[in-house]
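Next up: some structures, all given as structure tokens.
Both complexes shown next keep subunit A, but they swap its partner, so subunit B is in the first and subunit C is in the second.
Then we have the complex of A and B:
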């Protein structure tokens, strides 16, 4: 590993639309809205942006392939713009492009934008995954869905730690309850309903053992970040946030092709977290991380992520959940904005939406949701399935 | 000595009690009533997949390269033009340098193919041949055929080495008998009056073939241990053997009440049933029915003792069953009704046929690779070894997973993803001997699924693209 990205790049402006079922808005509307907030926040003009990266997963549902849609929507003046796609890490991958572009010295100011317009698919849930698997995998993969792939991890986890399905589901329910509580007071969240454990347990099954309220919503949204050289940051704003680490990690194929992986954790998260902490200089994440937005596409994902990020010991995340460790008043508040549970998961936007919350919290601008005096925040995305995936982890701080 | 070397039967897990059908459709023609139950191919089965299932069992213990040819008999081919024997051969991972043929258009095709196979071996043009007969027979809703027609498959390995029942001769009668037929545009049978088929066909042709066989080989009824022929009309079945002079204990159970009329595989299935209970020296006559009748004579050898209890034959399948307690589901499985599948049912991606051809051994044959450096089996076939401590490049040999058993590593029952029979159950499977992949699980209830449960794989219709006329055959896991 090289010397890393720590403190080389600052975030000086961010924008995020309200997430939800925007029947009356297209990707272009959402992009413009996130962009406008971000440049106003940074106090810059469009002409100051020297390069941009655009993350979206389903190009056919959005504005098309390539970076042209972003450039043409915003009328970017013939600058370098790149579209990136890396499943649910697409937004964080766009950030990586912008941050590395600035850190390399190629640009002083760059933008990352993520957007997704899921509600034009006609699907409840993500659209048919077989279309994104590749021509051969479609023929040989089972008829999987995202909840089903994660449900297999839940069954495996329950089995390994001797939990009955009922016990397991109850632990998972607490995760959803926490997110919904946080999301209920976030005006940008899609869902504002406070739910109880019983609501989660009684929700219809989507893929056993996961029920409807174990799954995140489906929504539209966009989010954007303006980044610049760290030494320039205070020229723009008084309270910049610095990138401490930014890592991506992709499955090698061992999980589904070799018989070593035990199915109760996400190997890529474990490996990526180790690299991220090293880059950020974090020795004891449980003590040094102050808040997190992790990829809670499903409640089980959030549970194992706590362990994979070395916050909770193996098999013990449920104890931390039980103890309120991850609530807004807890030691490491998680999903303070309501998470994917309440925001839904417009894929390209999610990573940047998480970053938006960390950014606002670090600046002390999170309003009713404000966490007391945070210094270090972490975001985590998991694209794909526990059995094969794309991970991004970003650490930001003051 | 030429004859039967091995056998394998197959009946689909689903049974429907004929009362269920009659309760729904009996208002139309009360005279159609028939008691008992019939087999129902699962939504993901057809005559090709069931043929593979029976052949897998038949070939257990044989090197697949040993097989010199494959004949397939059916009246319900999924294709008008595409040789099903070659799909079956690829699924079984047989070598390509073999002779194949499809025999069809009559329920006698099973016995016809058997005679042809024996002739080929006798002529010295093949050392052995695999014969698969399989049918998914559908009758029009409300018809008597709907009650009697059933689904099943049988395979026989015929050869000159290790013969368990030697070929002693045959006698055929062939008529262009118009009791029932289908034109190229018909989905279900058209039939002349039922009494006509019964009186002028069934009750005449089978006795003519069997008595012809007896006199051709100078045999008396008492020389025969078992006579086996379809019980399409159970009452007439009794009349036939009585008229032929056989005692009830010489007559093989026709299985019509518990199995039904499984078409081309019917005579072979009751032959297998007779073999399961036979002793060395027994002489067995089996006769089929369809545009005439073929009567075949076998004599059981000492080798039968080696195979008894080793094959799944008929008994195991008669015992292992699940009630399909739902006529509408039966209609949906056979495509008589098209229930709403939602938007996901329509999102069938196109199939790259150049790819499925290129990777046919992987897809149809479920062959992955095994690393020659570290010995790790892996599916699908890899160029770079998946073992993180190895990683060898291009050191792979083909490795067949279809004949390996495995265990459930993890599973779910999915109500979101499309399947014609929700919930969609799928699982990650760890194979005995190494290798891991995920598969749909079929012939299984979610409630019975457990981590660590033993499974095997079964060749199925993984998806159907109706727009493109594509049947995506692949393998699914089934409980052992």
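Then we have the complex of A and C:
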């Protein structure tokens, strides 16, 4: 590993649309909305942006291939613009392009934008996944679904750690309850209803043991970040947020059937977290991370991620959940904005949406959701399945 | 010039086939004879299910077929109430992973096995199956 990007790049502006069912807006409209907020926040003009990265997962549902959708929508002045796609990490991958572009010295100011519009598809979950995994992998998983794959992880986890289905489901229910509590007071969240454990336990089953309220929503949204050289940051705003580490880790696919992987953790998160902590200089994540937004596509995903990020010991996340460790008043508030659970998951936007919350929290601008004096925040995305996936982890701080 | 023959045997696999052509097309010919097969590297002994024609351990293409026989241990399972596009008529169905020690097999539980009878750690076998739409796959059953 090289010397890394710690404290070389600052975030000086961010924008995030309300996530939800935007039947009256196109993807372009959402991009404009996120962009307008971000440039106003940074106090810059469009002409100040020297390069941009655009993350979206499904170009066929959005605005088309290439980086033209971003450049054309914002009428960017003939600058380099790159479209990136890396499943659920697409937004964080766009951030990586912008951050690395600035850290390399190639640009002083760059932008990352993520957008996705899913509700128009009419499909209840994410769209058809056959081509996402490549045809060869469909030989292996001809009939699998995302809820099904994570549901198998839940059953395996319950079995390994001696939990009955009822006990396991109750621990998972607390995760969704926490997210909904936080999301209920976030005006940008899609879902605002406070739910109870009983609501979660009684919800219709999607893929046993996961019910409807163990699954995140489907939404439309866009989010953007403006980044610049760390030494320039105070020229723009008084309260910049610095990138401490940014790592992507991609599964080799080996863990799915060919190794001793037991299905109760995500190998790529474990390995990517180790690199991220090293880059950020973090020795004890449980003590040094103050808050996080992790990839809660399903409640079980959030639970194993607590362990994979070395926040909770193996098999002990349930104890932390029951102790309120991850609530807004807890030691490491998780999903303070409501998470994917309340925001839904417009794929390209999600990583930057998470970052938006960490940014606002670090600046003390999170309103009713404000966490007391956070110094370090973490975002995590997991794209794909437990056994084959794309991971991004970003650490930001003051 | 004669038209080139496309070896698309994999079109017969699964409720919806996502794969037309692979170097392991013989998997389907074996399946048609009732055999579920994986591959073994003749150089380093690495075992692959689903089958691979190239060994990712020692990077050679000297592999041979072996039959998935006997019982595996049920690692996990889930009953899907909603399925991917194209699988609607199969619902509900149970997906599962069997551990054979040296390799694992992902698949579906036989329709005649109730969900309530399943437990992590139980032994099941892998067996050839014909789907209602005439497509081929394999399912897990009691040994």
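Assume the second predicted complex is superposed on the first by the 390 of 398 C-alpha atoms of A that agree within 3 Å, B and C clash if a C-alpha of one lies under 4 Å from a C-alpha of the other, contacts with A are read in each partner's own complex, and residues count from 1 in each chain.
Here, contacts are C-beta pairs under 8 Å (C-beta built on N, C-alpha and C of every residue); 3 or more make two chains touch, one makes a residue touch a chain.
All figures in this text were calculated on a predicted structure; none of them were measured in a lab.
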item: Simultaneous placement of subunit C and subunit B on subunit A, clash or fit; value: clash
item: Touching partner for A:153 - first (subunit B), second (subunit C), both, neither; value: both
item: Subunit B versus subunit C as contact partner of A:106, first or second or both or neither; value: neither
item: Subunit B versus subunit C as contact partner of A:143, first or second or both or neither; value: both
item: Touched partner set for A:207, first subunit B, second subunit C, both or neither; value: both
item: A:254 touches, of subunit B and subunit C: first, second, both or neither?; value: both
item: Contacts of A:122 with subunit B and subunit C, given as first, second, both or neither; value: first
item: Clash with subunit C (superposed arrangement) - responsible stretch of subunit B out of 95-103, 149-157, 257-265 or 383-391; value: 383-391
item: Overlapping contact positions on subunit A, where the subunit C interface meets the subunit B interface; value: 123, 125, 128-130, 135-136, 138-145, 147-148, 151-153, 155-156, 159, 204-208, 254, 256-258, 263
item: In the complex with subunit C, residue positions of subunit A that touch it; value: 123-125, 128-130, 135-136, 138-145, 147-148, 151-156, 159, 204-210, 254, 256-258, 262-263
item: Contact set on subunit C toward subunit A in their complex; value: 10, 13-20, 22, 27, 48-50, 56, 75-85, 87, 90, 93, 95-97, 103-106, 108, 115, 120-121, 137
item: Contacting residues of subunit A [partner subunit B, same complex]; value: 122-123, 125, 127-131, 135-136, 138-145, 147-149, 151-153, 155-156, 159, 204-208, 252-254, 256-260, 263, 387
item: Contact footprint of subunit A on subunit B as seen in their complex; value: 343-344, 347-349, 351-352, 355-356, 359, 362-363, 376, 378-380, 382, 386-388, 409-419, 423-424, 426-428, 430, 434-440, 446, 451, 462-463, 472, 474, 476
